[in-house]
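Sending over a structure as structure tokens; questions will come in a sec.
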Amino acid sequence: MIIVMQRGATPTQIDNIVARIKALGLGAHLSSGEERVIVGVVGAPLPPTLDDEFESHDGVERVVRITKKYKLTGWDFHPQKTVIKVRDVTIGGDDVVVIAGPCSVESEEQTLATARAVAAAGAKILRGGAYKPRTSPYEFRGLGERGLQILAAAREETGMAIITEVMTPADIDLVGKYTDIFQIGARNSQNYLLLEEVGKAGKPVMIKRGLSMMLEEWLLAAEYVMAQGNPDVILCERGIRTFEPSTRNTFDVSAVPVIQGMSHLPIFVDPSHAAGKRALVGALALAGVAAGADGLMIEVHPNPDQALSDGAQSLTFAQFDALMPRLAAVANAVGRTLPIRETAPVG
Amino acid sequence: MIIVMQRGATPTQIDNIVARIKALGLGAHLSSGEERVIVGVVGAPLPPTLDDEFESHDGVERVVRITKKYKLTGWDFHPQKTVIKVRDVTIGGDDVVVIAGPCSVESEEQTLATARAVAAAGAKILRGGAYKPRTSPYEFRGLGERGLQILAAAREETGMAIITEVMTPADIDLVGKYTDIFQIGARNSQNYLLLEEVGKAGKPVMIKRGLSMMLEEWLLAAEYVMAQGNPDVILCERGIRTFEPSTRNTFDVSAVPVIQGMSHLPIFVDPSHAAGKRALVGALALAGVAAGADGLMIEVHPNPDQALSDGAQSLTFAQFDALMPRLAAVANAVGRTLPIRETAPVG
Amino acid sequence: MIIVMQRGATPTQIDNIVARIKALGLGAHLSSGEERVIVGVVGAPLPPTLDDEFESHDGVERVVRITKKYKLTGWDFHPQKTVIKVRDVTIGGDDVVVIAGPCSVESEEQTLATARAVAAAGAKILRGGAYKPRTSPYEFRGLGERGLQILAAAREETGMAIITEVMTPADIDLVGKYTDIFQIGARNSQNYLLLEEVGKAGKPVMIKRGLSMMLEEWLLAAEYVMAQGNPDVILCERGIRTFEPSTRNTFDVSAVPVIQGMSHLPIFVDPSHAAGKRALVGALALAGVAAGADGLMIEVHPNPDQALSDGAQSLTFAQFDALMPRLAAVANAVGRTLPIRETAPVG
Amino acid sequence: MIIVMQRGATPTQIDNIVARIKALGLGAHLSSGEERVIVGVVGAPLPPTLDDEFESHDGVERVVRITKKYKLTGWDFHPQKTVIKVRDVTIGGDDVVVIAGPCSVESEEQTLATARAVAAAGAKILRGGAYKPRTSPYEFRGLGERGLQILAAAREETGMAIITEVMTPADIDLVGKYTDIFQIGARNSQNYLLLEEVGKAGKPVMIKRGLSMMLEEWLLAAEYVMAQGNPDVILCERGIRTFEPSTRNTFDVSAVPVIQGMSHLPIFVDPSHAAGKRALVGALALAGVAAGADGLMIEVHPNPDQALSDGAQSLTFAQFDALMPRLAAVANAVGRTLPIRETAPVG
């Protein structure tokens, strides 16, 4: 940590800083430039709020933290890329893994039809919400355990792995009885008790990026899960909130290479929630793969116009079918693989 | 709801829209402008996702929802301003109510000293976190029930009401045993199950605005609480996330008059979290009162430089003492009252 | 235009609205829903600020403009994609066109070396700033006309077309003597007099997106150029300003498909300015091509560590050489072409 | 400047950094922490892009600039608050100075009526646009020199000073013949050639904050003017662009105290452009004064519903008349003065 004193900081102010550093059992290292004194703090561990403390001391202009706040999620202590096995799917390897399915599980019929269609087109994991966070209390909130049973039935039939959202600690046991991967939604991405509890549940966890979450905060959210001894965390970019109204969220595709520089965790993208409009999903999905994403999460529905949630951004079966070979071609172009069924129609 | 068809939408596309509207038991009203056809949807209630559905129909350019999504929180069905009584404090009346106290309850000594100081200066409600949401898992997370007991002791001694944050449904009973007002933090402002559960607990609830929450979403969060039969909701603006790095968050002071135009609920401001820096808290607090806020929430600490959380933005006792008469003067200037003790030193 | 009256608007308020509409020579069409009256405005042309006016009338809740503000840039009156010929380069056709070169023209040597290298790797247009907008007045501001002469010399030798920024109307004639394409920088994207003047200069114009420019505003900026009779406008996404600090700007890759839905104009992406860091440029460039961009603008420098501007985001020759075949592969994967020299080393 | 090397940076990488620093005639100061080496750069002046350069060197993790980029606008070399005299108005002193008038000069009648009304209520400076930047080329663009003459006539009659916008260097001479203060609009706030040229014109300059301008960038824009020898710069906060749609812009009231901590320049606020809605202007104006603003700029129109621009946010004479005593009361409450005519009706 480096403490930059104000131009004109008094010797007493500097002495107070040094005294406080020593009182914490740390070392202080002064260097005097032409304009200001800079105090280096040497030793570890630094109290996590020490920068806040020094920021408010008299005579201090700025405090610069040198060490990263995240540990388990960073490359420094984990130099291998994280690879996660879920049933027979490998996440974080060469294959770009496609998760697809409806926004909400609405019925057995709707979910099984979708599962069959997306599995046939090459998706490996089935998504579907049984518990739905909704902005308004008056909207459809999911089928609950019945939804989980339907997902399990779809897994049984198709052999896909399943992922579904858990919204509150009290539901973890029940959701964990069915799901292969827990999903933490964007609005719960800083619900720290939920992150800790799901970290204890012994299954992989995908954390959606919050609507205005900085990348470092996202890694710290993952840190909550990993600190419980669970190494299997997947990140999923789904768009951030900006001033631009033409998309539901602004798809931050640069999160893919930036996260890959900061962390060993696999990173997925969800073009459906980013776009909010079906016509844009393909372009954003292709962009995500080109940028190096480890996987995709795409909403597909048998009849999107009558979906109980997020219909506007869900692809039809035919659209998904046409998109997959294009995604595979881009994956190949950037040195990845995205195995699809032999007979898929080329879009 | 109004559906604007694309220039060049075909009669079949228009017919399909009309057919779907009628299938829902609603009426369709067509008007043909020079350039486009516009379809009005008549009748109620509209399915909450109907705009999404129509947005994705062929031939549709845009869907405009006319009715508001929020009901209980709006003026339409509740033409009186909400007034909340908590012990002997009236929130939402002529008085600007000041909540003050430390970010975290750290010890009995720290909390009681703060309670005495802020009560003497005119604060009516004591704040203090016993359960703290922290961006990093390695930071101080609060004293838990011991913290709640300390708050209760401070209430006993000073006669102030108390407010403290609840982070998860499982803690509601315990927190509710002690607190007068539940606080929902910014990061939990769209934790819908928490909002519903706290709505059942029979005590007032203050909802902090989320970091990138639009005002309509905020009212919908309040709607979750009110839909459980709890009318006593307070909103608290605490800064939003923008590109500007010089403050921790950007204090959206216009939220005060805008919310007052949309809703009958009292609205407070928290200049401490918005500013993130002690030196700015006074100016933002004054601005909030001038804009018409019903109350303020301000962090105060006996020794901010050594606070376990948010020290950089906490006022000292002397700073708070000096600020209160200035707040009272601005309150008077805008036709409100902010009663402070007779002998407060004028800042 | 549709005027939604407030619940409880009085007949007099409605009559006033209707009277004002008629006074403008337009027609008013009332429809009364269960909750509110809605007034449709029929006829054309609507005064451009009519929505503003009605928003402030008593009894009005909201005004919805149906017709688009942009005309010349939209598909409605121009159903063919714009194709621009510059020397022997075709912009807006099947080929993805690569513009490359240094941020600033620093010397003949630096510029010619770069031109040769990027031309050899497949770039068709040379970029280079002779007039540089800089955040601080104390930074390098470009070589002026000498820079233009150097660009022209590079064109002479390599056969590439050239593009360079013009910052002020007084420079248009001089810059126009040399350049093939005028560039309008992000900070000048709403400098309307500059847009109009450059629109009269008879050469293609590329408009960078402003730092917080909505897509509709961008098309209106292009409209300023096109309204002068110049059909040859190119748009270039270069990142927008958001809360996320890990990139210089947030690359809004969805601008590519959204603009393509709104407008016939070619759209490029500039991954260098979006990323701000060399290591990210490749991933963003690939994402841009995958999303359907008509071209790319990439900064390349012989010795980026010592560039006079934007060195941190400039690629070396070797990096650019390695990137081009990857871009070509992604272009092919999405049905476009990006012709590169036969012997380029595969990255 | 401090260069933080990556964990695991090699001795060669560190040596290269040191060699480059020495080659620039600067000194290097190494300190090795437990985890990383940190290189301090000693000496001055630092090349303005040196941080960029080092950011891209191998082995470097982060570069922290210690000295501020702005000089003339900061307190370090100018410890007195700037006070500007314009005719008989003092800006930057104890008085809160109110600028008021129509968005655009539309006619002599409209402008004179407004000037008389706002002068009578206590405004000291008349605003009014003769050259209007408009998002769309199809909107009213101002009366040009005729507008300037009308402003001058209003000055003649009322004795107020006048301020009006200049949009392009070619207009500076003409506008300067009439105006007392040049206004640089938000969209031109990084039009550096305009800033330099207006800096040479020998009259005070008000710079509106750009829509997504960071405060440091704003000071650097002011630096362009001051570097021409013109010390009389006024800053004006007018709202920034965020995700929140309920106001035209988000009024960043904290810019007032933050700028006052960074710079000696007077800072005004423009609640009209921030709000975009008449009903909010009063609350934001009061908030600005409470936060310590040196002045206000408020749009007033004899008949706002029929204004040619920005009618929705313009106050009527009666509204302005009612607001002024409230502003004066808040000014008093925070230790400032805002002299208004004796007989003003109290709102």
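Of note:
Chains: A, B, C and D, in written order; residue numbering restarts at 1 for each.
As a working rule, a residue touches a chain if its C-beta (ideal position, glycine included) is under 8 Å from a C-beta of that chain, and two chains touch if they have at least 3 such contacts.
Computed from a prediction, not measured in an experiment: that's the story for all the values here.
Among the pairs A-C and B-C, the greater number of C-beta contacts is found at A-C. Centroid analysis (C-alpha atoms only) places B farthest from chain C. Repeating the A-B interface, with the same residue numbers in over half of the contact pairs, is the pair C-D out of A-D, B-D or C-D.
With each centre defined as the average position of its C-alpha atoms, the distance from chain B to chain C rounds to 39 Å. Averaging Cα coordinates per chain places chain A and chain C 31 Å apart.
Under the contact definition stated at the top, the residues of chain B that touch 2 or more other chains are 212, 241-243, 245.
Across the complex, chain A meets chain D through its residues 2, 4, 7, 29, 31, 33-36, 38, 40, 42-44, 64, 66-67, 76, 241-243, 245. Per the touch definition, chain A reaches chain C in the complex via residues 212, 214-216, 240, 242-247, 250-254, 256-258, 261, 274-275, 279-280, 283-284, 286-292, 326, 329-330, 332-334.
Residues 20, 48-49, 52-53, 55-57, 69-70, 133-140, 167-170, 187-188, 190-194, 196, 210-212, 217, 220, 223-224, 227, 241, 277-278, 304-313 of chain A are the ones that touch chain B when the two sit in their complex.
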